[in-house]
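My structure is below; once you've seen it, I'll send some questions.
In this document, chain identifiers A, B, C, D, E and F correspond to the written order of the chains, with residue numbering beginning at 1 in each.
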Amino acid sequence: MDYIGLDEFILSALKEDIGTGDITTNCCIPAENRSEAYFLAKEDGVICGIDIAERVFSLVDKKISLIPKLKDGDSVKRGEVIADIVGPSRSILNGERVALNLMQRLSGTATATAKAVSAVSETKTKIVDTRKSTPGLRVLEKYAVRVGGGHNHRFNLSDGVLIKDNHIAAAGGIIPAVKACRALVPHVMKIEVETETLGEVQQALEAGADIIMLDNMSLELMKEAVSLIGGRAVTEASGNMGEKDLLSVAKTGVDYISIGALTHSVKSLDISLKFRK
Amino acid sequence: MDYIGLDEFILSALKEDIGTGDITTNCCIPAENRSEAYFLAKEDGVICGIDIAERVFSLVDKKISLIPKLKDGDSVKRGEVIADIVGPSRSILNGERVALNLMQRLSGTATATAKAVSAVSETKTKIVDTRKSTPGLRVLEKYAVRVGGGHNHRFNLSDGVLIKDNHIAAAGGIIPAVKACRALVPHVMKIEVETETLGEVQQALEAGADIIMLDNMSLELMKEAVSLIGGRAVTEASGNMGEKDLLSVAKTGVDYISIGALTHSVKSLDISLKFRK
Amino acid sequence: MDYIGLDEFILSALKEDIGTGDITTNCCIPAENRSEAYFLAKEDGVICGIDIAERVFSLVDKKISLIPKLKDGDSVKRGEVIADIVGPSRSILNGERVALNLMQRLSGTATATAKAVSAVSETKTKIVDTRKSTPGLRVLEKYAVRVGGGHNHRFNLSDGVLIKDNHIAAAGGIIPAVKACRALVPHVMKIEVETETLGEVQQALEAGADIIMLDNMSLELMKEAVSLIGGRAVTEASGNMGEKDLLSVAKTGVDYISIGALTHSVKSLDISLKFRK
Amino acid sequence: MDYIGLDEFILSALKEDIGTGDITTNCCIPAENRSEAYFLAKEDGVICGIDIAERVFSLVDKKISLIPKLKDGDSVKRGEVIADIVGPSRSILNGERVALNLMQRLSGTATATAKAVSAVSETKTKIVDTRKSTPGLRVLEKYAVRVGGGHNHRFNLSDGVLIKDNHIAAAGGIIPAVKACRALVPHVMKIEVETETLGEVQQALEAGADIIMLDNMSLELMKEAVSLIGGRAVTEASGNMGEKDLLSVAKTGVDYISIGALTHSVKSLDISLKFRK
Amino acid sequence: MDYIGLDEFILSALKEDIGTGDITTNCCIPAENRSEAYFLAKEDGVICGIDIAERVFSLVDKKISLIPKLKDGDSVKRGEVIADIVGPSRSILNGERVALNLMQRLSGTATATAKAVSAVSETKTKIVDTRKSTPGLRVLEKYAVRVGGGHNHRFNLSDGVLIKDNHIAAAGGIIPAVKACRALVPHVMKIEVETETLGEVQQALEAGADIIMLDNMSLELMKEAVSLIGGRAVTEASGNMGEKDLLSVAKTGVDYISIGALTHSVKSLDISLKFRK
Amino acid sequence: MDYIGLDEFILSALKEDIGTGDITTNCCIPAENRSEAYFLAKEDGVICGIDIAERVFSLVDKKISLIPKLKDGDSVKRGEVIADIVGPSRSILNGERVALNLMQRLSGTATATAKAVSAVSETKTKIVDTRKSTPGLRVLEKYAVRVGGGHNHRFNLSDGVLIKDNHIAAAGGIIPAVKACRALVPHVMKIEVETETLGEVQQALEAGADIIMLDNMSLELMKEAVSLIGGRAVTEASGNMGEKDLLSVAKTGVDYISIGALTHSVKSLDISLKFRK
């Protein structure tokens, strides 16, 4: 991961969790004690965040070594060892919770993504994420989506154009809205338009939209929309997809399904840190 | 909320979501346009984060006003308006996603907490959170737990003592571990000991622990432990409580049930921002 | 400008320039003195940075008012007043240099951009910037390019795809490189390929590149390339364009000319702050 | 360079340029690829920033080595290799633009300074910079001035006293202004007074100014001023010196010539990063 | 010390002391010079901050080695060597002042604490600190108190409950105030109540306070209060203790004496850095 | 005070003291309660930090008003009211400790300075501070020295030249050291040389030093040195001056006496915050 802000993020997470010092550990465990520990999967899933956990421990104490047994994206079974951690006992305990909090969440996202990808695997449809991520964790959560086999939608409001109802209303219609964006946004970007009806799809086509989002459409309507578009634009199904039958949606022929729940409503994967001695 | 770091947190969330500028909005919507919008609940739950959403908008643009229709902790029904937002259209769109991402997550935690609190309401047992929170959001998530009617366990490793198996092993037993902490930690803090067997409970009692955590015990064992303790220490049930029958656990007579899932595996409450014009 | 990081940037510029305090001013000028001052253009150009200068003064002291006489993008003549500044004399002097250093540089970029835009105004070719900007000032400098009538290329390595020779070599050719990007980058992005020969242009076309950069080509070669492409991809001329005859380049029919010198080699516009009393 | 803030500055420049990740490189180039590259001068000049470029690469990836062929302050000829860079291909590409943007700008300033120094080399006059530097880059740009053979004026408003017209007006004249400063500023500092007429020069002398700035004077007037001062104060010529005949100015006998253009209007030195394989 | 913010704190102290560079050293001492130096105690005391000094030098320059001759908490005699420092001369001089400023202050606090601890050593009374610490240095100063043999009171307003007169007045009395806290604060915390009269002590006992602070009481009154409490709560004497006869206070039987002067009014221990060559 | 970093410093002090929230206050005091309070001097001294305290409260809560009864630099008598504070009770309690910790320390420094200034008031000698300040508080502490009637020595290593024994040794003597500095440091700075013997004083004179520090000299030796210098350089007495008879030192005729103890060993002025209701 070429994520320049990673250390800063981890340090602030460590400050949040350690506060002014781990008083229990400092009272009970001599500074010179060393431990061997390991991350243990307590349920099946797709693992994500091993390198990040290593960085957490390394920022706590350079004398900790993390030896991975798996790599990000690997499937893991309940009872499997994910990585060994060896080093000063105090430091391992200092980093434990932050490492777990990150790895469990990211593995939760990777696992949920992998399930969605698998659900539509017989089609050509790809699963993408949204901006409905946890504040502060977007780069990490979007990494977890990729690790789970999904793809990333835009990262933020500046690296992708998505024309929604308010933009359309203010610009005086889909066609002037697309035209305004085409004239001003960097030429390296495509133009995506959100539509809810066939009429809007038709206008988006006329406006020359590169991508047409089919938002909150019924399966039937979506099928008609895909057929109307006929390959003239990329299609993306959207709208509380977490609760829908993804395969049916995929079978309408859409190119992408975007799912907010991959990042906004995730069950953490159950992982714990065990000590050998 | 007297949270000194709130502005810094929100500004960094806004940077993450806005990047170098909202290019779609800047192309489509004139700078002088004004909008009236509102937050709409799309499912039932307990609302949390209204003041935080107001602060988000205020940091984007002082000219935005948020007029709350509810306050944090209120129950909300699907279809209910949570707050009105009035101001420059561009600014409302700039802050929309961060406000929603925060309010949805925190309302998710408040709602899950309220459910847990309600499940044990016929007993005297209180619901508490854990350190299994989202990195960067702990103060906010623990606030959401309180808003949902729950209580907070320690915020971090420095403001509470919790003696776990590694501490016990390193210190040479529960009694020396408690003694070591009692001698060194600030006298304003209680000493909590994690136990898994009745033998450990007995030692914790002898050591004079203020709080005894009953970790991963069966209901039967927990009942025996509570009886053995007999009010000589505060009791806390722990261990994947999210999946258990909370009322049965409460009926064992424990004082507190701590639930990691309140913060590590939360379904966001479905809320959206709608524009009136 | 919806630039969330602006205040932080200005505060750090003020710290850099003020250090531990403006000792000369504090010795000579009573705290209660007030001044009326104005920004005076000392040469012709396009003005940029008035709102930023206002924000500089406002962060120094809320009691300063800046009254703009022009707005960003306006042409200014030598001797023209750009804005009035009224407030505590000490505070005006504290903010003077940072306000000028920013406004002069940004006006320099806006002026250079306007010259380039004007040079090709009889064609449909657009002027775009590059990533050759001043570290720390990219968002501001790219804003100045837009203020001068130019367009923005990608802001950074994450919001645009540009396949260069190293990428091509590593991927095993233009076609596999484009394919690899198409498969993995967010679907909201176009794919741009850098080419130096007609052979490479041909491959880029076959690969389905959305944008083809014609790098360091002679006018003749560029003309052939544009003709070969025949509208099947957007074209962008690149390569030390600051020193070339822009109109001749534009007349080859390219859609965009990217010019690094707009941000890396700019003569600041001569502006000074004068005091009326 | 003992510049404590250097890492923080470079990291923020890298964040600005890399954003959430170099998507093109990540798609095209395998993580394990290694490259050998080098910085190539594409025009003559004085090189500055080699150690800074090394620090850039080192902050991107500790596995990159930069082997300098020249050192800061060396003259470089078009076609000369400045340094070799060896390491992971992805990391070299991640750091390339920031390293170049810094080295090109700083070499531009060093080169311009060397030209000015050379222009007056037959006299005893020294070339100094001003506070007209790029916000955020002052320490680096003033370093480049020294590398080019120039000297530094004060770094900020707190480490040097410069009494200008507004100070004089508010204090009630040059003599009371100098007196006020002498009484209050740290005794380790000299007092400089800006003058535009011989009358003001005379007052500055009477006030006991340590340094007298001759601002915007004609050559003739400057000569008279230097003669009037007669060694009783250090002299500094100032006022759009970038456009003047520096040797003629130097021959008036002034001790220093301060030139804002060394930092506010610099042409970057043309350097590129080439890959051997 | 497991203090996550230590590096950030030291870097900011170095920036404060070095500014834009140590100009004297850079002019006089060649970059390649190396020195051997040592910290010399110039008066008797308890040393504190050796590891912190090492970290200061390490953040200035990894090539500096600090070889401790003593460890934190050791008594030191005038004329004793505390540690050797070996490395580049410039870097040692760059870090000298910050290292000394920290070590001298912390040793001052450790020494004052050790004196207080010694004064009451024939009793069971413990010495604790307060929140009257230097802004920015609390974690370090509380560490110094522990190093001197003292104990820490709460670190901040969130990790300990201390009910004072304003809280009591607003809550409607000691009993409702304790009840309100007991109901809402994390169960890992004890409740402390500040009292000034025996009546208040009596109410605090009835309220079930865990700790009773005897604030500004005469020795006689304190003795009565301790007797009234009779072991039913922990007792803490408070109120300008720095000026009192600590042994007499301790002999009243209080468990803790809190002394603000340990951190708010400390004489730095006299230490200097000497160069061997 | 034109101190750009003040808000950042105060916010970080508030975070340090408030942690995750003032739990006692939040439990006991309703959010809508308002209080009237005042700062009360509990001993005589010179007050410093009123504006800073106001800024502390204003950063906690804009609804707090501080109404000063005195201004920085005023003498205060035990029992005198320094300022009134009116606003929400919770917010006043949140800011109380940080405001006091700052104001007490700074008033301590101002008071100590005023005593030193007074001790030498019959002479022309001025009192100056040193770099022996508290890390993080230098700008504030040096402000307190000015408020107490003292003067500031250099703020850091970059805004003043002070040639000490190590510099002299490395440069090969006082004369080459002064020459090296004169050639390279900004011409706005004076050159100060530390001397311990008459021989060194003689060399410093020959080298043309602007300021000669007389370090750790006996009164007799100092008198001889002052006489030898005979007004050809500014003189500064230094060396544990806190413990010496300042008037005797001043009577040797030195221009400045620098006293580290003004900032490194200060007794805080006793001030408390009292509530009227």
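Annotations for the structure displayed:
The working rule: a contact is a pair of C-beta atoms (placed from the backbone, for glycine too) under 8 Å apart; a residue touches a chain by one contact, two chains touch by 3 or more.
Given the structure is predicted, the values throughout are model-derived calculations rather than measurements.
The chains in contact with subunit C and with subunit F alike are B, D.
The greatest centre-to-centre distance from subunit C, using averaged C-alpha positions, is reached by E. When the CA atoms of subunit A are superposed on subunit C, the rotation angle comes to 180 degrees (nearest 5). Farthest from subunit A in terms of Cα centroid separation is F. For the touching copies subunit C and subunit D, the fraction of interface residue numbers used by both exceeds half; the interface is of the same-residue type.
Inter-chain spacing, taken between the CA centroids of subunit A and subunit F, is 52 Å.
The distance from the centre of subunit D to the centre of subunit E, with each centre set as the mean of the Cα atoms, comes to 44 Å.
Subunit A and subunit B, compared by their mean Cα positions, are separated by 22 Å.
Counting only residues that touch two or more partner chains, subunit F has 18-22, 26, 94, 138, 155-156, 158-159, 161-162, 184, 186, 189.
Every pair of chains in contact is given here: A-B, A-C, A-D, A-E, B-C, B-E, B-F, C-D, C-F, D-E, D-F, E-F. Looking at the complex, you find that subunit F touches subunit C at residues 1-5, 8, 138-139, 142, 155-156, 159. Interface residues of subunit C facing subunit A in the complex, by the touch rule stated above, are 126, 128, 146, 151-155, 158-162, 184, 186-190, 192, 211, 234, 236, 255-256. Within the complex, the subunit C residues that touch subunit F are 11, 14-15, 18-22, 26, 60, 90-91, 94. On the subunit E side of its complex with subunit F, the touching residues are 9, 12-13, 16-30, 33, 35, 89, 93-94, 97-98, 100-102, 104-105, 108, 131-138, 155-159, 161-171, 177, 180-181, 183-186, 189, 240, 264-268, 270, 275.
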